[in-house]
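You will see subunit A twice below: alongside subunit B first, and alongside subunit C after that.
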Partner chain A sequence: MLVKLIGAAVLIGATSVIGFSKAADCSRRPRTLRELQALLQMLENEISYLSNLLTEAFTRIYENSGVEAAILFKAAAQNLEAGGVTADTAWERAVDDNAPRLSLNKEDKSILATFGKMLGNSDLEGQLNNIRLVTSQLRLQEIKSEEMKKKNEKMYRSLGVLSGLAITIILF
Partner chain B sequence: MSVDLIFKIAAIGILVSVLNQVLIRSGREEQAMMTTLAGIVVVLMMVSKEIAGLFAAVKTMFQF
Partner chain C sequence: MIKGVQSDIMPYLMPSIRAVFMRMDSKKLDNLQEIRMRAGKPLMAADGAFDLFVTADGELTGNIKDSYMVVQNEITKTIELMSENSVYAFQDEIKAGFLTLKGGHRVGLCGRVVFQDGQIRNIKDFNGINIRVAKEIKGCAMRVAGYIMKNNTEVYNTLIIGPPQCGKTTILRDAARLLSNGDLELDFKGLKIGIVDERSEIAACSKGIPQNDVGFRTDVMDSCPKALGMEMLLRSMSPHVIITDEIGTHGDGAAILKVLNSGVKIIASAHGYNISELKMREELLALIKAGTFERYIVLSSGEGPGTLEEVIDSQLSIIYRRCSPCL
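Our next item is the complex of A and B:
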């Protein structure tokens, strides 16, 4: 009997943890997208006013911002410093490596990848236009993800606990 | 033993109805339907043994 009770408690705990982590994932995505918009704004300033090199700009953004999404820029700067890669591949690799940590989905990743494709490929005006385009796309994604969050966050939480309860009752 | 079974079925009923509400609230009618169906199937499987027992009892009643 005691073993059964302990097992039931463990099961409910495990499913609850899964549910809560899914809910946390849901709420992290809009925040990341918001942060990325702010960071791209900073990058725009770096490029238009300071005309910094890409590596320098990325490092400065990472050091000055202090938000979680800035690890993208840190990773890209490190990839660039390691050498042997273009800005495009460095950025894409950084996005690929950090997407799970930032809860980005496939669409966000492809938007960021298209941003990388244009990175360092045109004159100043083209770069700024590229950044603005990506920012507006990210804003759309943010609105969508905000809706998803509203819809799914509560559901994941209650679903986790309730499914654990259901399994225990059926097995008990 | 049968009181236990009744409580179990009642608990499953409550849980399924709550799950149903949660899923419908978040706009997933299909999944809500599926959970209801799953609940019905689980309860039926639990009850089927008892029904078989009932039929056996009736059978012995009418055998001379």
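Our next item is the complex of A and C:
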């Protein structure tokens, strides 16, 4: 009996952890999207007022902001520093490498990739337009992801606990 | 510091083109003076005397059949790399038709010009670039030094004249180093030098710091319009000599007179094959007539870049002439 009880507790614990981590994923995506918008705002300042080179701008953004999404800029700066690659490749690689960690979905990734295509290869006006465009797109993604979060966060949590309970009852 | 084609220029070439030059013999690579890419045309390189095609294996050849063909995308990407992926930060340079790489290598750009309100706003759809490999040849000004130095603390106002690719800037750079450091052998005391480096070719500043050796007592005003730069140096840096490149545009004359009136010497260079050609240019004619320059040093590439053709004084009488015709 005792073994059964312990087993049940472990089972319920495990499913709850899965449920809670899924829920955390749900809330990470809107946060990442929000952070990205703020970081892009910084990028705009870096290149329009400070007129910094792209690699330098990326590095500074990473160093000056403590948010998680800044690893995208760090990775891109590292790719650029390795040399011989253009900005779009460096950026795309950074997005691909870090998307799972930041809970970005396919749509977010394609938006960021499109942004990368224009990165650094046009005059200032073009750059600023590009940044504003991607910021507004990310804003829409953020709103969508907030809704998703509201819907799913609670569901994943209760689903985790309840599925654990259900399995336990069936097995008893 | 100029380190040569391999480390200064290669990283900025599109990988496909870089691979071609990687296969080239490193000695040949270091001898290159120009690398040219034109969209849809063969990749070319000049090694001084000849303008040759480059094959996919990195060989120089006169046969167009084996040459590597450049596509426009390779040019566009190369420019992106050269601007360190920040075309927006180099807009002014691109508008003026060139970029300067670290080490002072000048990259000329051609493409479709966007013209608006009487001004060039941008160049886009690039169709060709020309990379001019800068050479830092220490000691190359020694040959002309004797003509520039008046005594051991003074110099003559000097104009260095020569066609493109004959080493004007190289000699100017070395003269700056020589005059600034002084020279024990020539018993010349160092002078305070001010360089107005409008196109970042003489000192090749990167983030404000000269990459080329232009001497201890040298101040550099980087990518500053000549006339304005000369005035600024005059006002604030108390130079003995001002050195600047490629004079001849409108306003240069007045600025040079201002320099001379303050008792500061000038050493400059100008495009041209000889003095009579310079006289065709209004701005320079006035300066020549007024006897502004005490020495004219005419260069050619007759015996390789930097061949001293003739030296002329302010009265236009010849002090030195190369002896090739009188065999």
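As a working rule, the second predicted complex is superposed on the first by the 172 of 172 C-alpha atoms of A that agree within 3 Å, B and C clash if a C-alpha of one lies under 4 Å from a C-alpha of the other, contacts with A are read in each partner's own complex, and residues count from 1 in each chain.
As a working rule, a residue touches a chain if its C-beta (ideal position, glycine included) is under 8 Å from a C-beta of that chain, and two chains touch if they have at least 3 such contacts.
Everything numeric here is computed off the predicted structure, so don't read it as measured data.
Novice: In the superposed model on subunit A, is it clash or fit for subunit B and subunit C?
Specialist: After superposition on subunit A, which the two structures share, subunit B sits beside subunit C with no clash.
Novice: Is A:8 in contact with subunit B, with subunit C, with both, or with neither (first, second, both, neither)?
Specialist: Neither partner.
Novice: I'd like to know which partner A:71 touches here: subunit B for first, subunit C for second, both or neither.
Specialist: A:71 contacts neither subunit B nor subunit C.
Novice: In this superposition, which partner touches a larger number of subunit A residues, subunit B or subunit C?
Specialist: Of subunit B and subunit C, the partner in contact with more residues of subunit A is C.
Novice: Given the overlay on chain A, how many degrees, to the nearest 10, lie between subunit B and subunit C at the CA centre of subunit A?
Specialist: 160
Novice: In the overlay, answer first, second, both or neither for which of subunit B and subunit C A:18 touches.
Specialist: Once the two structures are laid over each other on A, A:18 reaches no partner at all.
Novice: Between subunit B and subunit C, whom does A:47 touch in the aligned arrangement: first, second, both, or neither?
Specialist: A:47 contacts subunit C only, not subunit B.
Novice: After lining up the shared chain so the two structures overlap, which partner does A:166 touch, if you call subunit B first and subunit C second: first, second, both or neither?
Specialist: first
Novice: Give one of first, second, both or neither to describe whether A:119 is in contact with subunit B, with subunit C, with both, or with none.
Specialist: Only subunit C is touched by A:119; subunit B is not.
Novice: I'd like to know which partner A:55 touches here: subunit B for first, subunit C for second, both or neither.
Specialist: Second partner only, subunit C.
Novice: Smallest separation in Å between any Cα of subunit B and any Cα of subunit C in the superposed model?
Specialist: Comparing every C-alpha of subunit B with every C-alpha of subunit C, the smallest gap is 46 Å.
Novice: Where on subunit A is subunit B touching in the complex?
Specialist: Residues 151-152, 154-155, 158-159, 162-163, 165-166, 169-170, 172 of subunit A touch subunit B in their complex.
Novice: Could you please specify the touching residues of subunit B with respect to subunit A in the complex?
Specialist: 8, 11-12, 15-16, 18-19, 22-23, 25-28, 42
Novice: Within the complex, which stretch of subunit A touches subunit C?
Specialist: 47, 51-55, 57, 80, 83-84, 86-87, 90, 119-124, 126-127
Novice: Considering the complex alone, what residue numbers of subunit C touch subunit A?
Specialist: It comes out as residues 11, 15, 18, 76-77, 80-81, 83-89, 91, 122.
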